[in-house]
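In the part that follows, the structures are each spelled out as structure tokens.
Both complexes below contain chain A, partnered by chain B and then by chain C.
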Partner chain A sequence: MNRSLGKTLLTGYGWLFFLFLYAPVALIVIYSFNANPINVMTWKGFTWDWYVGLFGGATTVSESSLYVDSTDQLLDALLTSLKVAFSATVIATVMGTCAALAMARYRFRFKGFYQALLFVPMVMPDIVLGIALLIFFVGAGISLGSTSIVIGHCTFLTSYVFIVVSARLAGMNPLVEAASADLGANEWVTFRRITLPLILPGVIGGALLSFIISMDDLVITYFISGVDSTTLPVYILSMIRRGIKPEINAIATLMLLFSIAIAAAGIYFKSRNTAQ
Partner chain B sequence: MSIAFSHNPASDYLRVRNAVRHFNTPEGGVVKALDGINLNIGQSEFITLLGPSGCGKTTLLKIIAGFERLDSGKITLDSQTLLELSAHRRPVNTVFQSYALFPHMSVGDNVGYGLEVAGVKKPERVQRIGEALEMVGLAGIEKRLPSQLSGGQQQRVALARAIVNRPKVLLLDEPLSALDRHLRMKMQIELKNLQTELGICFLFVTHDQEEALTMSDRIVVLNGGKVEQLGTPTEIYHRPASRFVADFIGESNVFEGKVVRFDDFGADVQCGELLIRTEDRNLITGSAVEVMLRPEQFTLLDSSTSAAGQQVLTATLEQAVFVGSDHQLVCRLASGQQISALVRGHCHHLQVGQPLQLAYSSADVHTIPAVF
Partner chain C sequence: MRALSRETTALTLLLAPVTLFLAIFFLIPLGIMAVYSLLEPGLYGGVEWSFYHWNYGRILGWADGFIEEFDIVYLQVLGRSMGLAALTVISTLLICFPVAFWISRLPAKQKNFFIFLITLPFFTSMIVRLYAWVLILRDSGFANQLLEWLGLISEPLDLMFTGTAVIIGMVYIFIPFMFLPIYSSIEKLDMSLVQASQDLGASPFTTFRRIVLPSVMPGVIAGCILVFIPSLGNFVVPDLLGGARVVMIGNLVEQQFLYARNWPFGAALSMVIIAVMMLLMAVYLFRVVKADSNR
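And then the complex of A and B:
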């Protein structure tokens, strides 16, 4: 009796927990189809208008009620975000993977210290990193723009890749590399034929994770983006300043879909072959 | 000219000279993994490095493979200095204890890896992969992944992957230790046959003395980074050079004593109250020796058998254990020393506490110079 009561309560708690986590997200998705242009939280009817409007299509709502100043700006911001995320991901994946290999395969002085340094950017408050990067860029005479955002993102994305690839390396038998050398392969061939294929799921997982984090980053990017290099999150923030409008729900829903797709791909690659 | 110089005497193919390798422990101590090792090994010998864990056997193997460096000393293979070559340039291949197969490659790609890296063209490669797999009794499984094989099959693939490259020396690092007893014994014979067929030098590391005795042409017994003895299995078993070898290989009864008399045919050794006759020569009166007798060198005397030409010990039976075809008898001598005897046949009539007459031949008695 007691047992089933406890089980019921626990199940109830479980549902409440997920409701708490996902209800706001679900509301954004639902209200992105709301036809009410004035009060976003009052349901008036179903419409695709906000999605159509985002991409500059003809809508039934009056032009003045759309908050997207111009579709061009929105697409510019999206393009900047994609470019930054792509560049930062490539650089961070290469650097993070190299760092993970060095930590896993070689012994050297101050190794523990270096390892700690690789974790720090992850736990450092974004605002501190943002301000620090801003001061650095200004001090070093680097003009703020896409390049500064890419450099800034690399500082913390490298840590994420490092951790994901390190976990993968830890699960790999280091003797297979010795076996490769024993069979006549030099270090480069061993890396290309043995090590890289075996850690590839981790490398791809780390890259996808980097990509989402870079696409999503607001605080650090806000500090180090120049006037002509607004990323999508920074642009959305500027839209919200002028009030919450249904287009924002539509943008949020699209970003959500995109993130879920990337995360699913990341999980798929991370878990692939781990059974061996 | 070059022909004359490339000639290698049979036991000079692989030479290890004064190999020293010390490790520093985190506690600040020093472990002498190799402490001045000298070895001469022939071109087609099956050599076993035998010793307890920490004796340096695996370190020596790793140094020959190129995974570990030497503090000082020299290693040459076929008149070529090995130590200057990095691991991937050495004409040796290793079968690892954990097999270390490439999990993302098929069996065929695993076996063909060394050939591919060496630039062997595909048609030849495919043929040699097939031959190597056939040699280890796994023909036709090229397409499978290592994870789809049993432990014994993975072992054979690892073996095929190494021998397909026709190495000058094949290094085997306790490759049978993960297999069950039945499979292990089968593999021991197969390995020996394979070595004879290939005619290349096998350097096999194990801590299992039975394995060493079964397969080897010669055994190197290592202890504390030093060679205790290098000899054929028979020599190692019947003529151990030290107390360590006598204790490590098989079971032995050892008596400490002093040579009291010697002549042209042998010597008498006084071990406490016992006087033991040996046919070992070169013993000097007064020198301290240890006398060794294997348990199976005793025969049990009863009223019907005579001890003509044999020495006899009298002991009290303490325990008799049936071990299949034989009986293991634990007896105590009048001096209080315990001895072990392995006797054939029916012993059901024996009772604990009963006095026994144990006969041995003085030809079987082996003496070891005692070290104090």
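And then the complex of A and C:
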């Protein structure tokens, strides 16, 4: 087999790979404009109706083919998701950043233990963590709701922030901090004026990552969300379980747009990160 | 001395939040779950506080049919879960390896763009990505319509609720986990060694086995573990794409907790998941990390 043929084959294979990665998601977007209310995957013409319906507007489709009883449920789920993701991100970012600073800048005896402690939550199968937290919350008498979800998310988000900030700290010149100390700045001033600005891109990157993972978490939330606090992914799972209706396509498309926007923000910060 | 104690204070302040948090909300819950797996299930949900090893006996085979009954179905489900997870690992590996190789040889700008395209799904909702496959594989889904339109079939095929559907779903959502570690180890591969091996007359297969494989192995193994663990305990993919026909151990755990309300038995099932996971991690630490430090 000659070389250029091999190369062509490999390139072709690469394009097939990206087709596999993106075509399924593209189908959702395309069919979210499908006017067919009964068979979602049979094209019957273009419509905005499913989007209009989502926002509670008047549509030409009959009520029966609409799925969300009221937009309120969906908005409630979205609001819970955003609230949970925001609180969990703040808490996890603070804890993860502190842990990263401690591990990078100090020598102490239980370092190996902390390394493991911060690694295990990321590889723990989420169903195991979900039910462990469920047993714990029920046993401790903590009622299931947004608070329990925030706590649950922080257990693994902290590790993600830790990894991202640690990577940033590892690429930083420790002499800058030493210079600041030599010039008479105390630890707090050095941290605020030197360390924090330098690791900030890492902290923001870690926070964005946590926000996305929290918004997306399904399994752990599924077990510890209780009756009246549903997040968006859990709500969508229950919708899909009840049957496929066109509105799910519209919701899914909006969610895709949202995550692409956040990912773009992440890339932007990362490029600033490396530019410095 | 004063400087030392200041340092200790700073360290304590930095580590206290994460230590307390993970101790209370991570280690203790896992500990309680381990204890639960050895307690007697109560009559109406809940538990009796007495030692009860039959939860494991039901799964692993020493339940004698008197107090609890051994049912081979649990081992079958565990076996099926491990089989499906292994097939997912093999498929992602076979799919990702050539692609990683291809991308690693491209100019930097294209490289970064493709890497971005592969990490982007990681940022998009997992449930949305799985939902795409529900739309494709359903009886009236995209795949059947396409095949019918092409004239290849006249009756819709049974694509949903099969092991294959579950594997496709898991491959689709876990591809980035396999790709990134493999890619970073291929990036580090010294191409001049490959060149040298070829110049010295080694066949492509020998070059691959003696030069390429040893240096990409750590990445491959890391990717395999990163895909295997979440596949093994998965319950969303089999729930959506496997239905009642392809039940995995995650579905059993979910049933015990949310429907059967036998929490101790559910806890025992997830201890089995943990055991498999720890076994894998142990193998990884002993084989790979040791090999790495010997180099």
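Methods note: the second predicted complex is superposed on the first by the 271 of 276 C-alpha atoms of A that agree within 3 Å, B and C clash if a C-alpha of one lies under 4 Å from a C-alpha of the other, contacts with A are read in each partner's own complex, and residues count from 1 in each chain.
Operating definition for what follows: a contact is a pair of C-beta atoms (placed from the backbone, for glycine too) under 8 Å apart; a residue touches a chain by one contact, two chains touch by 3 or more.
What you see is a predicted model; the values in this text were computed from it and never measured.
Because the two structures share chain A, they can be overlaid on it, and in that overlay chain B and chain C fit beside each other without clashing. Once chain A of one complex is fitted onto chain A of the other, the partner contacts of A:171 are absent, as it touches neither chain B nor chain C.
Applying the stated contact rule after C-alpha superposition, one finds that A:98 touches chain C and leaves chain B untouched. By the touch criterion defined above, A:154 reaches chain C but does not reach chain B. Once the two complexes are laid over each other on the shared chain, residue contacts for A:197 go to chain B alone; chain C is not touched.
Here the vertex is the CA centre of chain A, and the angle it makes with the centres of chain B and chain C is 90 degrees, a multiple of 10. In the overlay built on the shared chain, the residue A:14 is in contact with chain C alone; chain B does not reach it. In the superposed model, more residues of chain A are touched by C than by the other of chain B and chain C.
For the pair chain B and chain C, the minimum alpha-carbon spacing after aligning on chain A is 6 Å. In the three-chain superposition model, chain A touches chain B and chain C at no common residue. Those residues of chain A whose C-beta lies close enough to touch chain C in the complex are 10-11, 13-14, 17-18, 20-22, 24-25, 27-28, 31, 39-42, 94-96, 98-99, 101-102, 106, 108, 114, 117-118, 120-121, 123-129, 131-136, 139, 151-152, 154-155, 158, 187, 212, 215-216, 218-219, 223, 233, 236-237, 240-241, 244, 248-249, 252, 255-256, 259-260, 262-263, 266-267. Of all residues in chain C, those touching chain A in their complex are 6-7, 10-11, 13-15, 17-18, 21-22, 25-30, 32-33, 36, 95, 98-99, 101-103, 114, 116-121, 123-129, 131-136, 138, 140-142, 145, 172, 175, 225-226, 229-230, 232-236, 239-240, 250, 253-254, 257-258, 263, 266-267, 270, 273-274, 277, 281. Across the interface of their complex, chain A is touched by residues 65-67, 86-89, 92-94, 96, 98, 100-104, 113-114, 117-118, 147, 161-162, 165 of chain B. Residues 173, 175-176, 178-186, 189, 193-194, 197-198, 273, 275-276 of chain A touch chain B in their complex.
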